[in-house]
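Read from first to last, the chains carry the letters A, B, C, D, E and F; within each, the first residue is number 1.
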Amino acid sequence: MKRGELIESLINIVLLSLLVGIAIAIVCMKDLFAVVMLAGIYGLISASFFVVMDAVDVAFTEASVGAGISTLLMLVVITMTGRTEHPTRHKPLLAIFVVVVTGGLLIYGTFDMPYLGAIDAPIHTHVAPRYINESMQEVGVPNIVTAVLASYRAFDTFGEVVVIFTAGIGVLALLSVVRRRDEDSVIDSINDSMHEQHLILRIVSKMMIPFIMLFALYVQFHGDYGPGGGFQAGVIFASAIILYVLLFGLSTARKVINQTLIQLIAAFGVLFYGCVGLVSLLNGGNFFDYNVLSSDPIAGQHLGILLIEWGVGCTVASVMIIIFFNFAGRKEFQQRNGNLIDNISKKNKGI
Amino acid sequence: MLIAATLAVLVVMLLAIIRTVIGPTLYDRILAVNMFGTKTILLLSLLGFVMGRPEFLDIAIVYALINFISVIAVLRYSDSFEFGSKTGEKTAENRIPQSGERLELGNKEAE
Amino acid sequence: MLVHLPVLQVIVPLMAAPLCLILKRVQLVWLFTLLVSGIAFLISVLLLQQVMSSGTIIYELGGWEAPWGIEYRIDKLNAFLLLIITGISTVVLFAAQTSIEKEISQDKHTVFYVLYLLSLTGMLGIVATGDAFNVFVFLEISSLSAYALIALGKDRRALWAAYQYLIMGTIGATFILIGIGLMYQMTGTLNMEDLSQRLPEVAQTRTVFTAYAFVIVGICLKLAMFPLHLWLPNAYAYAPSIVTAFFAATATKVAIYLLIRFTFSVFGLSFSFTTLPLQIIFMALGMLGIFVASTTAIYQTNVKHLFAYSSIAQIGYMIVGFSISSVAGLTATLLHLFNHALMKSALFLALGAVMYRIGSVQLSQFQGLGRQMPLTMAAIVIGGLSLIGVPLTVGFVSKWYLLMALIENGWWPLAVLVLLGSLLAIVYVWRIVEMAYFKPSLATHANVKEAPISFLIPIWILVFANIYFGIDTRLGVQVAQAASESLFAVSVSDITIIEDSL
Amino acid sequence: MRHTLTLFVTLTVFWLLNSGHNTVLMTLLGLVSIIFVLYVAHKMDVVDHESQPVHLSLKFPGYFLWLLKELVLANISVVKSIWLGNSTISPCLMTIKSSQKTDLGIVIYANSITITPGTVSVDLIGDRITVHSLFKENIEFLKAGEMDRRVTELES
Amino acid sequence: MIMGLFNDWVVVVLMMIGLYIIIAHGNLIKKIVGLTIFQTSVFIFYISMAKIDGGTAPILVDGVTQYSNPLPHVLILTAIVVGIATTAVALALIVRIKEAYGTIEEEEIQEQDSQHKDSHKLNIHNSSEINRDKKEC
Amino acid sequence: MIFDLDIIRELISALFLFMGSFLCISGGVGILRFPDFYTRMHAVGVTDTLAAAMILIGLMLQNPDGLVVIKLSLILLMTLFINPTASHALAKAAFHNGLMPLIEKNKKNNSLPDKKQESEKG
């Protein structure tokens, strides 16, 4: 046991040092593409770190979000905004001042903190013991994180879903463009080039996509037993769709995935989550009191968690799709308005 | 042996990061990130065993999927013309080294 | 259903937002939004009544009792805030449809209302909740929708303003998150009530000190308190007029509420004001804010900018009241919170009407508007008078209470300074009056007519409220006093606990 | 239809292998999920002979074992040159012809080339595969065409 | 003590690096990357405090009694979602800023704004302007 | 007898893990040492295929029951399936965007497309 802990802390140190190294590299790099790649790596390492710290659910999320979606979005944006950072501006004095003051304050604050892993730290003795010891009787789900997330603190999770919904609407407000149908065909010729050219990618992806989707649904329904749940499932499902868009082009994907429908599903997810609360309210309990959903409290809890996770999954998947479609659509829109002819000629020359 | 393997993977991760940082071309970076992703999958599988709870391999599977999609995305957009053409990086990548410098390690970043 | 009012307060607008997206038809969406906001207002009135008559309401979400689940805790302070937010939101929405017609492109109208409702939800959630982390979640809902709403502005500078706001806002929110984390680490709980009981035990540690500093700095970033105010003027100036009217009246108020909540309820008076030189810092920053922002306001050429700087100055007054740390001072702050919401929403709505008619709010464009848009300009004048603090307007009431509180503590010089600050307000209000009434009309504005009725009704409702609450001060003062007394009661009992433990 | 059926079977196997929870509820949810995925996959038009290569499933293990042997040998040579230094490598680029008839066959061939270290298929136009290799010998090996022949056999 | 507080100190260092990028760098995308680093460091802080010696992941199995604290995990799950939401909105803003200003460098944007400061002409940014901006840059 | 089997299993597992680690490190050194993008790609190939397979098989032997083995083999299958695809796509993208490989001087003229000569002048 002793040796195991030693090794854990060694891995811990190595991972954290890697994080610091990458952060410093990010400060120095001027090439935004490299910065984004490093940010992706940063996400990967922090997720590994979360596994070392026993936070498997968090690692799961960070894996799909930090390394996946956010890197992807930044990449799309870079293609629209250019790749290099201008070296002109630096006001390091102000920055260093702020950084030193806040950093100093935080270091000062750390000296009275409980040490890493201390068993008698307040957080291990006050609220958490009930979650760990009683949740099996009260909620009946082996994954304590899911129990806390979906039942004890269901309202926080509701807020989280609304946050992601807000982001989707915000992106819609900022980037959506009114499309005219007749322009699709012109765009097709650009976008479909990927799947025409890449025979191997096409075939491999075609094999993969159904499995990715099924894996997402597996994660969705097994959140009670292991790491995973609605949020992670939504992201994975969305990434299957994104893969499809990347390969077959936006216009093909638009035919398969109706944009209006996706927006409705996003709204539906939030409403569905909220309605679970309202039903429990009408059944005489408090908002999100799943005990009243069924005659047996534990069955009620199970049902409630299943339903709200489903709502989360719907919203997250559709919002991620909305976000990606809007970014990609904006890029397409810029191409159309900008130098369409220029593009095509360049493309032809390149091949 | 588990521990040794874990450490080996960590070392390789470090090497991959170095390659990401020094580049020199965009594709070297993508290559390094891709390799880093594979190593993360290994690390995650190993960690499960080191920590004594190997049942959380789903995370590694997700990584494998996400890694694939990321690489495709990077290629999709690096394929697109705007990428780097403005900064003149393309010409740097186009440069073919003379045979004399054939075995030189990593050309300096052209920008 | 009455027992569920606290949660319905937040849930009703929250659930309405996705419904809006489903409704799609713009006319319908507006009516629906208005209706929802009205219902929320009704709920807040009922809540305030309930709280005033029977004391604090506690609502356990999910049926889990407090430190394990999340609870909503409605006391006099947040019932008051809920009333302000829902009230202003409802009134402002009357004018929304006409206003955004000219400022936002047609296809974004539905999205606008969805974001508006989400933003309202976020603010209500922050105010209603009794859980520290829940505050962060709802803070982000309101902030994210705010960024998007501001970016909907017509001017391209709106985008830049929204971006700056986003950076500052996210840093602020993350600071709050760090603070909450540190508190949690020392106490093991996230519930505010529980925190306030467990914090005194560890109050002497450096970690709690850091936690307090981070929470306060984070809130002050959101609050646009003087040295951290840089994001605010542009955000207010270039956002759509409706958004400005709504945010100017509510967003900073919510931040002030958080400041009060964390200082008085969570950390407790004794910790906040005795272990730290907070009083002096806040007093100085508040005063500096009043003078610097008022002076800057005088030199503005864009009237929205002008009033935005004036808002920063008004925040200064609230901070001064807060820093006195006495019942009277806090009462003054709470009163000013209420009053400032009334004035600024009236003023910015009137500016929205001007924007609607002449498409600009540059000061130079105001020439002669007093004759062409008499009712709108009259509203601006009354709002301005209230801003200065002329008797018979609400502005006077809160300044009076502030002066009284300062004098009660024997801080005469500060009282004089507050009065001097008001003189600066006279200058910038006068510049508008001069432009509007004493300059000939511009030739280009020959066809400008009075604002449409859909603007005039909400503007004048607010203006009458400004005058009514200036004359009949009972409601505001009663609630504010009761709220601040209850806060001090909690804090005082806090002190006795510490003394016992010592 | 045949492809849908095979996809259904493989998806079911995938679910059961992953799940490990064989309660009624879970099985039901699994079934619903699989049907949903099938629906979406159909809408996306990704279910066809390319993505469901049932026809070569029987011959595949034999080929796989042979490939594994090649893989190990190739790895050894590459690792050797990594440690011995850059003077031991002789990178070259060459276009070779493949004899497969279907897209899928070419894909298997190209991927087999890539998966063995030392050779990477760089480009693929029609039946011509451009290969980059670390050593001249690798190209010679590919030119000899054993791998090509085996893949073609697999395909027929 | 060094081992006990090592994580916290690294977190502080990471936070400061993130904050430094946000303040000192003018490129809008770089700022967002800085923001991500800043937020991630807070996640690390929360997750480190949940760790307990000899504990394992908070998923119940037979024969284990010591589990890490699940509550910070829940909070950080929410915070990660909030983070990605913020990033998405910020990136959308950046795309629009690029369209409207033709640049994503803070200084150049401020320069353009100060030039327009006193004119009351609206800088309307809509789709038709994209063309113009493209040509300019 | 069972005891013996366990020891043998452990030993084989350790052997696999050791081989895997060694190959991994080799690949890592290769990615730094090799002179250009295309050659580095071969180094990555080493770590991605055989090294990953060895380590994963080693892990399977560590815990030979049910779900874990299935998941590990799933991961292995995916690495073997995805990595060459990604590598190929990467190489192709690089090649099409004009990144030319370093090659032996005497080989130069018979294999490369004309594009190369153009860019050499520019």
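Everything that follows uses one rule, which is that a residue touches a chain if its C-beta (ideal position, glycine included) is under 8 Å from a C-beta of that chain, and two chains touch if they have at least 3 such contacts.
Keep in mind that this is a model prediction, so the values were computed, not measured.
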{"item": "If a chain touches chain E and chain F alike, it appears here", "value": "A, B"}
{"item": "B-E against A-B, pair bridged by the larger set of C-beta contacts", "value": "A-B"}
{"item": "Centre distance in Å when chain A and chain F are each reduced to the mean of their C-alpha atoms", "value": "29"}
{"item": "Approximate Å spacing (C-alpha centroids) for the pair chain B, chain C", "value": "48"}
{"item": "Distance from the mean Cα position of chain D to that of chain C, given in whole angstrom", "value": "62"}
{"item": "Geometric centre distance via CA averages, chain E-chain D, whole Å", "value": "39"}
{"item": "Per-residue overlap in chain A, given as positions that touch at least 2 other chains", "value": "54, 56, 78, 80, 82, 106, 110-111, 113-114, 121, 123-124, 127-128, 131, 153, 156, 159-160, 163, 166-167, 170, 174, 200-201, 204-205, 208, 215, 225-227, 350"}
{"item": "Touching two or more other chains - residue numbers and ranges from chain E", "value": "15, 19, 49, 56-57, 61, 71-72, 75, 78, 82, 85-86, 89, 93-94, 96"}
{"item": "Residues of chain B engaged with two or more neighbouring chains", "value": "14, 30, 32, 51-52, 55-56, 58, 61, 65, 67-68, 72, 79, 103"}
{"item": "For the chain E and chain C complex, residues of the former touching the latter", "value": "15, 19, 22, 28, 31, 35, 38-39, 42, 45-46, 49, 71-72, 75, 78-79, 82, 85-86, 89-90, 93-94, 96-97, 100-101, 109, 113, 116, 118, 120, 122-126"}
{"item": "Chain A partner contacts - residues on chain C that touch it in the complex", "value": "4, 7, 11, 14-15, 17-19, 21-22, 59-64, 67-70, 107-108, 111-112, 114-115, 118, 121, 125, 131, 133-134, 137-138, 140-141, 144-145, 147-148, 151-152, 178, 182, 184-190, 198, 202, 205-211, 213-214"}
{"item": "In the complex, chain F residues that touch chain A", "value": "81-82, 85, 88-89, 92, 96-97"}
{"item": "In the complex with chain B, residue positions of chain E that touch it", "value": "56-57, 61"}
{"item": "Chain B residues within the chain F interface of the complex", "value": "1-2, 4-5, 8-9, 11-12, 14-16, 18-19, 25, 27-28, 30-32, 34-35, 38-39, 41-42, 45-46, 49, 54-55, 57-58, 60-61, 64-65, 67-68, 71-72, 75, 78-79, 90-91, 93-97, 99, 102-106"}
